[in-house]
C-alpha cells in the first residue's frame, strides 16, 4: 500500500473522531436545552430565579 | 429467576460501568505485561495465551469471593433461602450473572488483546474458544468458595485452599489447548474436551456444593 | 497506631486468609507461564524475573481494593476519620499492615518461585530484594484506589483499572533492576535506586491522596 | 391455614437457648415475642423462618388449599434486623425485584410497587437509590417488601426500630389489615406495637440458666 | 468548655436539607434532635461530628485547657447507626482497640474494658466474638465504646434502637452521669430518652420545601 | 430563610449562570476561528513539500503531533480543574474536568490511531510496546477509567471530588509521556519543537504544524466550553426534577 493510503486513512480517522465528538456534544446540548424548556414550560422554576425576594421571606 | 439475573447484572453494571470495565481491566493487565518482559514481539506472542488466561483468572477472582457475602451482609440471603425456587437453581443463576458481567466481556475482548500481543489468528481463535468454554468453570468453583466464605465467617483460609487449587486444572487445560492449536504436534481436541468436561462437571458440582454450604450456614 | 497495626494484622489472619490466597495466586501465575514458553529452560530463566514481578503485581491487587471498604461498611471509618491522629499516618499504618499481611509473604515466597523458573542465585536474590523494596509502592498506590472505592458501592475491577496504570513505573524499574543484576553491562544500582525513590515518592503521595479521597468521600 | 411449632429447641454456640416452645397460630392470629436483649427472640424467629435448624422439634404449615409437603418457610415473609435491599439500586428496582422473585403465595396477591411505597408513606421517593434514604425511610421501604408479594405469615424482628411515631402508627395499621385479611403475625419487639388481641410469649434466654436467675 | 455550631447548612444530593442552625452547648448541657424520618437528624449529627462538610457555617470547640486550634470532631464520640465493631474480633479486642486508638481527650480518663462491659450490663460475655451477640447486645457494646475512652461530647444517633427497657434505663443513667461530670450530649431519638432538662430541636427537612409543605 | 442562605444560593448558581452567558457569547467566535485555522492548516499541510526521508507520510505529522500535544494538554487542564475542585470547591471546576475527560480520550485516540498509521510505513509495525507508546496508551486507559468512575457514581459533586484526587495522582504520567523518549531510547522521535534550546525542525514543516496545533487547541476549547454548558444544563435538569418529586411527595 502506498503512502497516500496511510495519509488518507489518518486524516479520515481523525476527521471521523472529531466529527463524532462534535456531533455528540452538539446533540447532547440540543437535548438538554429541550428538556430544560419542557421543565420551564411545566412550571418548575429555578430557585435562584428570585434570589433576593426568596432570602427576605 | 430472570429477575435475579437482571438484578445481579444491573448491580455489577451500576457499580463499575459494566462490560466496558472488564475489557478495560483486561487491557490494563495486558498493557502491563510488555513492561515486564520487554517489547520482544516473538516472546509476547508465545506467552500471549497464558497471559490472557491469567487475566481471566484474576478477573474471576476479583469480586467473585464476595458473590454471597454482599447478599448475606444486607440480609438478602435470608430471603433468597426462604423461597421455593430450588436453591441450586438460584446459585446457578447468580453464577451465570457473574459470568455474564465479568467473564464474558473478557472472552469478547480477548481477540483484541491477542492482536496486541501479536498472536496468530489461530491462536487468537483458540484462546477465545477455550476461554468461552473454560471461564464458566472458574465461576462455578469460585461460587463454592464464596458460599463457604459465607457459612464459615472465619473460613478465609479454607476458601483460598479450595478455590485456587481447583481452578488450576482449568487453567492448565485451557492454556494447553490454546497452545496445542498453534504448535503442530500436539492435537487441540483432547485438552479441549477435557476442559469441556471439567466445565460440565463443575457446572453440576459447583452449584450443588454452594447450595449445600449455604443451607448449612448456621445463623 | 500500634493498636491499629495489630488489629489489622489480626483481622487479615482471622478473616481473610489473605496472605495465602495471594501466595497461591502468585504460584499459579508462575506455574502457568512455562506452558506458554515451553520447556526451554534458558528462556524461562530469562523471563523469570519479569514473570515473578508481574505475578506479584497482580497478587497485590487481590484484596487491596477493600482496604477501606470494610471499615466503611461497619462504621469504623467514621471514628477513624474523627481522631486527632493525622489521617495520613493512619492510612500509612493501614498500608503497612496490609503489606505485612499480603505482600511480605509474596516476597518470602519469591525465591521458591525463582527456583521453579530456573533462575540463577543472583537473579533470585535480586528479584527478592527488588520485590521487598518495590511492593510497598504497589500497596501505597492501591491505597489511593481503595480510598476512591469507598465512595463506590462496589470496588473490584474499576479500582484495579484506576490503579494499574500508576503501578507500571514500579514494574518497569523493578524488572530492569532485576535484569541488571544478572546481565553484565547494565549496572544494578541506578534502576534500583529509582525504584527506591518511587517507593519513597508513593509512600508520601499514596497516603496523601488516599486521605484526601477519604475526607472527600465520606457521607 | 395454620402455622404450628412443636417443641422447638435451638442452640447458639454450645448452649441450648430455649427448649420446648410450642405454639399454633391460625388465620388472623398473632404472637408477640418479648424478652430482654439476648433472650433468643431473633433466634426463635429465624428457626420458624427456616433459617436456623432447630435442635429439636419442627415447624409446620398446613392449609386446605396447598398440599402439606411444602416447607413452612415458603409461606413466610421475614423482616430481620437487616433490610435486604441493595443500596446501589433504586427503591423501585429493589421492590420490583423482590415482588418478582418472591412471587405470590397460594392465590394471594401483592400490591404494586408504587402502591406499596404509598402505603408506607413514601410515595414520592421510590426513584431514589436505596442508599440515599435515611435510616427510618430504609426501614419503611423494607416493610413495603411485605406488601408487594403476598405471604400469609409475617415474621417481623423489631419492625419499628428507627421509625418515627407516625410511621409506627402506619405500620400498626398495615399489620392490622394483614391480620384482618386472615394473615398470621409473629413478631419480636421491645416497644409495644399497639395491636390488640395478640398472644404474648416471654423469652427468658439460655434455658436452664435463665429460669433460675431471671430478674 | 463549649461546643458551638454557627449557622450550619448542609446538602444531601443537590438540595439543602437544613440551613441556619445554630446552637451552643456548655458543660452539662444536652440537645435532643427530634423530627420525622428523613428530616435530617443524622445529617446534622454527622456535620457536627465533622464527617460531612457543611455547605455553610462551622462547628467550633473551645475550652480553657486546650488551645482553640483543634477540630471540634476530636472532642466528640460519635455513635451512629452502625456499631463500628468488627464481627470477627471478640468484644474485648474490639473495645481494647478503640480504647487505645482513640485515647483520652484533654485530661479525662476512660474506664477499663471490663468495667465498661460491666456498666452496660454485659460483664460476662466480653470474650465472645462481636458477631455472636444479639442486636441489642451489640448496641450495648457499641455504647461501651463511649466509656472506655474519654470525650467531653457524645453525639448519639438513636442510641436506644434495639434495646430492651432495662438497657434503656441503664443508658439513660450513663448519660446522666456523663452530663453530671460536665459532659455535653447531642442526640437524635424517636423515643424520649427520659433525661430531664435537655434542650430540644425539631428538624423539618428540606429547607425551602419543608417550610411550605410541612405537614 | 436568612440573608446568608440567599447569598450562598446566589453565588452558587450565579457563577455557572454568568459562565453560561459569557460562554454563549464567546462560542460563535471561537467556532469561526477554529474553522478558519483548520482551513489554513489543512491547505498548508497538503501543499508543503514532502520530507526526503519520510516521503509523503510526513503529512501525518500535522494531525499526529497536535493530537498528541492536546492529549497531554487536556489532562493538564483537568489537573488544574481538579485543584480548583479540591481547594476552592468551585462547581465550575467540577464541571470542567468531567467535561474534559471524553475530549481527552478522543484526542488520545487520534494520536494513537495516527501514530499507528504512521508507524506501519516508517517502522514496519503498527504497534510496539515501547515507553512512549505505552505511556500514551496508559493515558488513554486513565481517561476511560475516569469516565467510568464518573458514570459509576451518581452524586456529581462527590464524583467530582473523588475523581479530582485520582486526576492529580495520575498526573505523574504526563512527565513520563513527555520525557519517555529521553529516559528510554526508543523508536519514537525525540522532541524537536518543544525543547529548551528552541525548535530544531525545518520551518518548512514547522509552520503548518504550528497552525494545525493552534487549530486543535482552539477546537479543544470550543468543544470543552460546549461540553461544560451541557453538563451544567444536565445538572440543572436533574436538580429540578428532584425538586419536583420532593414537592410532589410533600404535597401528598
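Observations on the model:
First chain written, first letter: the chains are A, B, C, D, E and F, and each begins at residue 1.
By definition in this document, contacts are C-beta pairs under 8 Å (C-beta built on N, C-alpha and C of every residue); 3 or more make two chains touch, one makes a residue touch a chain.
Composition by chain, UniProt nomenclature: A = Heme exporter protein D; B, C = Heme exporter protein B; D, E = Cytochrome c biogenesis ATP-binding export protein CcmA; F = Heme exporter protein C.
A quick note: this is a predicted structure, and the numbers were derived from the prediction, not measured.
Counting steps between touching chains, the shortest path from chain B (Heme exporter protein B) to chain F (Heme exporter protein C) takes 1.
Superposing the C-alpha atoms of chain B (Heme exporter protein B) onto chain C (Heme exporter protein B) requires a rotation of 175 degrees, rounded to the nearest 5.
The two chains most heavily joined by C-beta contacts are B-C. Distance from the chain C (Heme exporter protein B) centre to the chain D centre is 46 Å, each centre being the mean of its Cα atoms. Averaged C-alpha coordinates put the centre of chain A (Heme exporter protein D) at 39 Å from the centre of chain B (Heme exporter protein B).
Centre-to-centre separation between chain B (Heme exporter protein B) and chain D, using Cα means, comes to 37 Å. Multi-chain contact residues of chain A (Heme exporter protein D) (touching two or more other chains) are listed as 47. For chain B (Heme exporter protein B), residues touching at least two other chains, in rising order: 11, 14-17, 21, 24, 28, 31, 35, 38, 73, 153-154. Multi-chain contact residues of chain D (touching two or more other chains): 81, 87-88.
Those residues of chain F (Heme exporter protein C) that touch chain E in the shared complex are 1-2, 4-5, 8-9, 155-157, 235, 238-239, 242-243, 246-247, 250-251.
Residues 11-12, 14-17, 21-22, 24-25, 28-29, 31-33, 35-38, 43, 46-51, 53-54, 57-59, 61-63, 70, 73, 102, 153-161, 163-165, 167-168, 171-172, 175-176, 179 of chain B (Heme exporter protein B) are the ones that touch chain C (Heme exporter protein B) when the two sit in their complex.
Residues 3-4, 6-7, 9-11, 13-14, 17-18, 20-22, 25-26, 28-29, 32-33, 35-36, 39, 44, 46-48, 51-52, 54-57 of chain A (Heme exporter protein D) touch chain F (Heme exporter protein C) in their complex. By the touch rule above, chain E contacts chain F (Heme exporter protein C) in their complex via residues 7, 9, 13-16, 19-20, 55-56, 206-215. Across the complex, chain C (Heme exporter protein B) is touched by residues 86, 131, 134-135, 138, 141-142, 144-145, 148-149, 152-153, 155, 158-159, 161-162, 164-166, 168-170, 172-173, 176 of chain F (Heme exporter protein C).
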